[in-house]
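Which chain is which? They are A, B, C and D, in the order written, and residues in each are numbered from 1.
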Amino acid sequence: MSNSLGHEVAHLGHVELFTPRPQESLDFFVRVLGLTENGTDGDSVYLRTWDDYEHHSLKLTAAATSGVGRTALRASSPEALARRVAAIEARGLGVGWTDGDTGVGPTYLFRDPDGHEMELYWETEWYQPPEHLRPALKNQAQAYPGRGVGVRRLDHVNYLAQSAESNGRFVYDTLGGRVTEQIMLDTGVISAQWTHFGQKSYDLVYTDDWTGSSGRLHHIAFATDTREDILRAADIALENEVFIETGPHKHAIQQTFFLYLYEPGGNRIELCNPTGRLIFAPDWEPVTWTQAERAKGQAWGLKTIESFHTHGTPPV
Amino acid sequence: MSNSLGHEVAHLGHVELFTPRPQESLDFFVRVLGLTENGTDGDSVYLRTWDDYEHHSLKLTAAATSGVGRTALRASSPEALARRVAAIEARGLGVGWTDGDTGVGPTYLFRDPDGHEMELYWETEWYQPPEHLRPALKNQAQAYPGRGVGVRRLDHVNYLAQSAESNGRFVYDTLGGRVTEQIMLDTGVISAQWTHFGQKSYDLVYTDDWTGSSGRLHHIAFATDTREDILRAADIALENEVFIETGPHKHAIQQTFFLYLYEPGGNRIELCNPTGRLIFAPDWEPVTWTQAERAKGQAWGLKTIESFHTHGTPPV
Amino acid sequence: MSNSLGHEVAHLGHVELFTPRPQESLDFFVRVLGLTENGTDGDSVYLRTWDDYEHHSLKLTAAATSGVGRTALRASSPEALARRVAAIEARGLGVGWTDGDTGVGPTYLFRDPDGHEMELYWETEWYQPPEHLRPALKNQAQAYPGRGVGVRRLDHVNYLAQSAESNGRFVYDTLGGRVTEQIMLDTGVISAQWTHFGQKSYDLVYTDDWTGSSGRLHHIAFATDTREDILRAADIALENEVFIETGPHKHAIQQTFFLYLYEPGGNRIELCNPTGRLIFAPDWEPVTWTQAERAKGQAWGLKTIESFHTHGTPPV
Amino acid sequence: MSNSLGHEVAHLGHVELFTPRPQESLDFFVRVLGLTENGTDGDSVYLRTWDDYEHHSLKLTAAATSGVGRTALRASSPEALARRVAAIEARGLGVGWTDGDTGVGPTYLFRDPDGHEMELYWETEWYQPPEHLRPALKNQAQAYPGRGVGVRRLDHVNYLAQSAESNGRFVYDTLGGRVTEQIMLDTGVISAQWTHFGQKSYDLVYTDDWTGSSGRLHHIAFATDTREDILRAADIALENEVFIETGPHKHAIQQTFFLYLYEPGGNRIELCNPTGRLIFAPDWEPVTWTQAERAKGQAWGLKTIESFHTHGTPPV
């Protein structure tokens, strides 16, 4: 679906995750997934994947319960930032400017129609690794840590929302994203929508929340370099008593090779590998999956796990 | 390097390759690499990778000698096409409009400063696979062929040019691309430049031609899904007596996992896998490699093969 | 479990499979799995994997129904052959000597306690590939075919039997194999037993037949070089409308990475990769899995598929 | 090459390595390769790979210089041990019985013709992991450590010797091993010989020492689960400033996928993956590679690195 707005948002920057078990969640992200700490702020710890050029990929915040905090998107230019802020304000979803969290400059806060907190920024601090994390190759942000899964990047956020479609439309109309795939129920309702800003086939995903709640999270995802990393991750999860919800397997939608875990705070974490898939067509028409097609399960026949439709965070 | 032009070119569309041994070259692309024939035109055969949404990825043309023919780029929109044509004409490198080759609409022909033939188009025919090539998953262009290497897409073109830098600047200034990496000799000369249009870290590459000739080719590259596909490709090449020039190994520049072959017509073909690397920063500063850094060889220490600096097509 | 008989049987040689749909089964083995035809005999076609040093790995025989025919084991030496024949005769399970099928010398026919046909031989014809199948590396039996899955070897046979344990005991007592793993029901019944002859962790497996029948087959398995080959095989199966029963996933028992398919004749075919696992200890004690442990499913949590306990061949 | 002695030696047990830089070597084996400490003895540290069922795989001993200490082989049975001791004594290479090092019972010391220290034993202590190293799957010796390369097992030892052939013959005649591959110079001299005891295609290798010295080491090797582990290991080596001598690539001989590193003490360490290759034939004839064939380099064309013929330990 061509979007005349072009590429106003460059990419997903970072996301905040709430956890009621901050120490165990931190251990999960650092030791099991292989992220690196990069400072703290009050009850939050900043964590980064090794290929992130910015300050952090994840802000892990101790809280009473689980769920997703603010999602940060980087604009493509100062002008794009100004244009998107105007569009968000026109849409009545703006919150206002702040000085910006650690690592980013002036930041505009807003909410998606479902109420998830979001922010847009242009200025960002390029990560300067300390000596012991300096990479051997200068075209890489940080040394590859031979620790745990070793995820490369924060890949996407999959939100639960009262209406997937109206939130997907907000990404399209107001943020300039495009829809690559979606699920349409027999009733005609679009119950899930995958949107992207660049050539990765999705960045922000909306799924209808079966509880009718607002502002919840289905999962956040980290990408690995290879499918073998995902298989290895399954062994690492097994040895570390991390709950494996489903996978490894290949999604029919988007064809992503996946593994779903629950981090100790209860949030669902996907480890994903796109295996080379990118969307190049600027006029890509959304692929629509019917209820009957969804009933066939995942790409190689695995039934979609029940808990995909019963577990979200925070619990309700 | 931010480019205020934004994403005017969406992606590399297809490329034409000349071969003095058309039957053997065809066999190489179909049986060894796993491309699929999709029609002919005079002395040319159209070939496609399984994940190409357009008519073809490669036009293989019987000719007196080897080398690269026309490279086709798809514009991001009709407006972007018009803007780029105006810019090319202003630069004095335009050739003019044609009706377009099989599978594409109105096409604007031009040359890069070094004289390589190029074309820009917006209208394109989305590929409709015949029954026996219909994919099992509807978000895929064509059934995955379990034949040979099974490359996913045409990935990039690496041109030889009298001046890599002036051609890279043309991509930047006139086509709206961006430079991600480059080599700078001790003399200050930029001897190679990698440019891209989207999030893949390169699409068009220019390398100084040691012979001082114009319009020649260093290589064209096809991407595989995995590094294992590249290792398997090396065995397939070995069994089929395809000349392996170097690899498999990992480039320091761009960190691509690579294997270089010569197809029967003499053209160098790279099989490449980026292993998850994408460029997200809209203001990425080119990474500049010095002569001393280049002297260290590839990422894991393999010396850069001599023939990289002696073999180009057509031979001179 | 140490076996004072030592290594009397060297390895699984080949197996015969019955199919009511011979042409489609042949297409499956040749085009989808990548085996190579090596002659015919009446209603049978001989097929070989590329790393088999003998004449064939599989004898595919047209028949009224599906199921397993004769399984051939190669003895470790002429003396071992003589000793095993004597032991089989003493056990009352011998049938007698024949001249041997294509590719093997004098062959002793017998049955396991459940009635599955078996044979033992020493003399064998080393495979001499024709010119077009000559491998590039001389330490390999045949050129690697870049076709379909490209399985490396016949890996194991998993039989259904009225009593897994009494058949496993026969392998141990009479053939000199050893038990590496087994399942013990809460009743104390050993309902499945994995036996091996060398360092591979299993070669012949017996599983209790839920129908109480004799002589049936659970599956035969072919090994691939890598886990990536299994993932790729799943895509190939998908595109070729081959029924995927379960997987890819990792077995808890034996830790094999697996994919189960049904070939067109109805027989279950496993594609397996041991990922480096070998059994070195000559006094390995069988690992016994309880019913409760089995209830946990496969290694990464996949539930064992129901049809594992309802589908065997021939159907009853 | 059939060996009527059968399988008298079950497998390579462990090896001792000398290092003049014990702390850095220890860090290399634990943090970079992912081995686990299992006790100390004087100047030695015992280290184990995660799939070793015995006490240790490697004994790392502080010493004035580098090189290989004692290599331990486990006999297939108490009777095989007695028979091999008698044969070694008859050959005049015996040293005598000791109580055995940590983890093994009565041990017979001897030397190969070149003077490398060796030992044979039957009794061994099965490894009992402490709570924090208990594996999730009960058919595995120790939890898989998500640390560094994570090598699965000690794979083989490659010795330098004054005469490869006379030492290979000792393995064949006296220890009951078999020769799988060898190099024959144009002079008729066998300059390297690969021998094995089970189905792995090699366990002990002898290479002619260009210095004419005795008792030296070419390398010891650890096996990984996958080729991807080797590629990942190259990145880990790169980031940890471990010297990469050559690879990753595929050997023509034995077809092993390899990466060669120098540990901080100067010893060459191979990381290897056989990619499914096993030797099943009990009468396998040695594959002999000529000087001309060797001159072609490795499987995919990489030239054999010069330092393979100049670097051994200890230095002379």
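We adopt the following convention: a residue touches a chain if its C-beta (ideal position, glycine included) is under 8 Å from a C-beta of that chain, and two chains touch if they have at least 3 such contacts.
None of the values given here were measured: they were computed from a predicted structure.
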| item | value |
| --- | --- |
| Which of A-D and C-D has more C-beta pairs touching across its chains | C-D |
| Intercentroid distance (Cα basis), subunit D paired with subunit A, Å | 45 |
| Rounded Å distance between subunit C and subunit D, as computed from the means of their C-alpha atoms | 31 |
| Multi-partner residues of subunit C (at least 2 other chains) | 137, 226-228, 238, 299 |
| Chain contact topology (line, ring, star, complete or other) | complete |
| Touch list for subunit D against partner subunit C, complex | 2, 4, 6-7, 10-11, 51, 53, 74, 76-77, 137-140, 152-153, 181, 198-200, 223-228, 252-255, 273, 275-278, 280-282, 284, 287, 289, 293, 299 |
| Complex contact set, residues of subunit D against subunit B | 227-228, 231, 234-235, 237-238, 244, 246-250, 257, 299-302 |
| Residue numbers on subunit C that touch subunit B, as the complex places them | 31-32, 135-137, 143-144, 146-149, 226, 228-229, 232, 235-236, 238-241 |
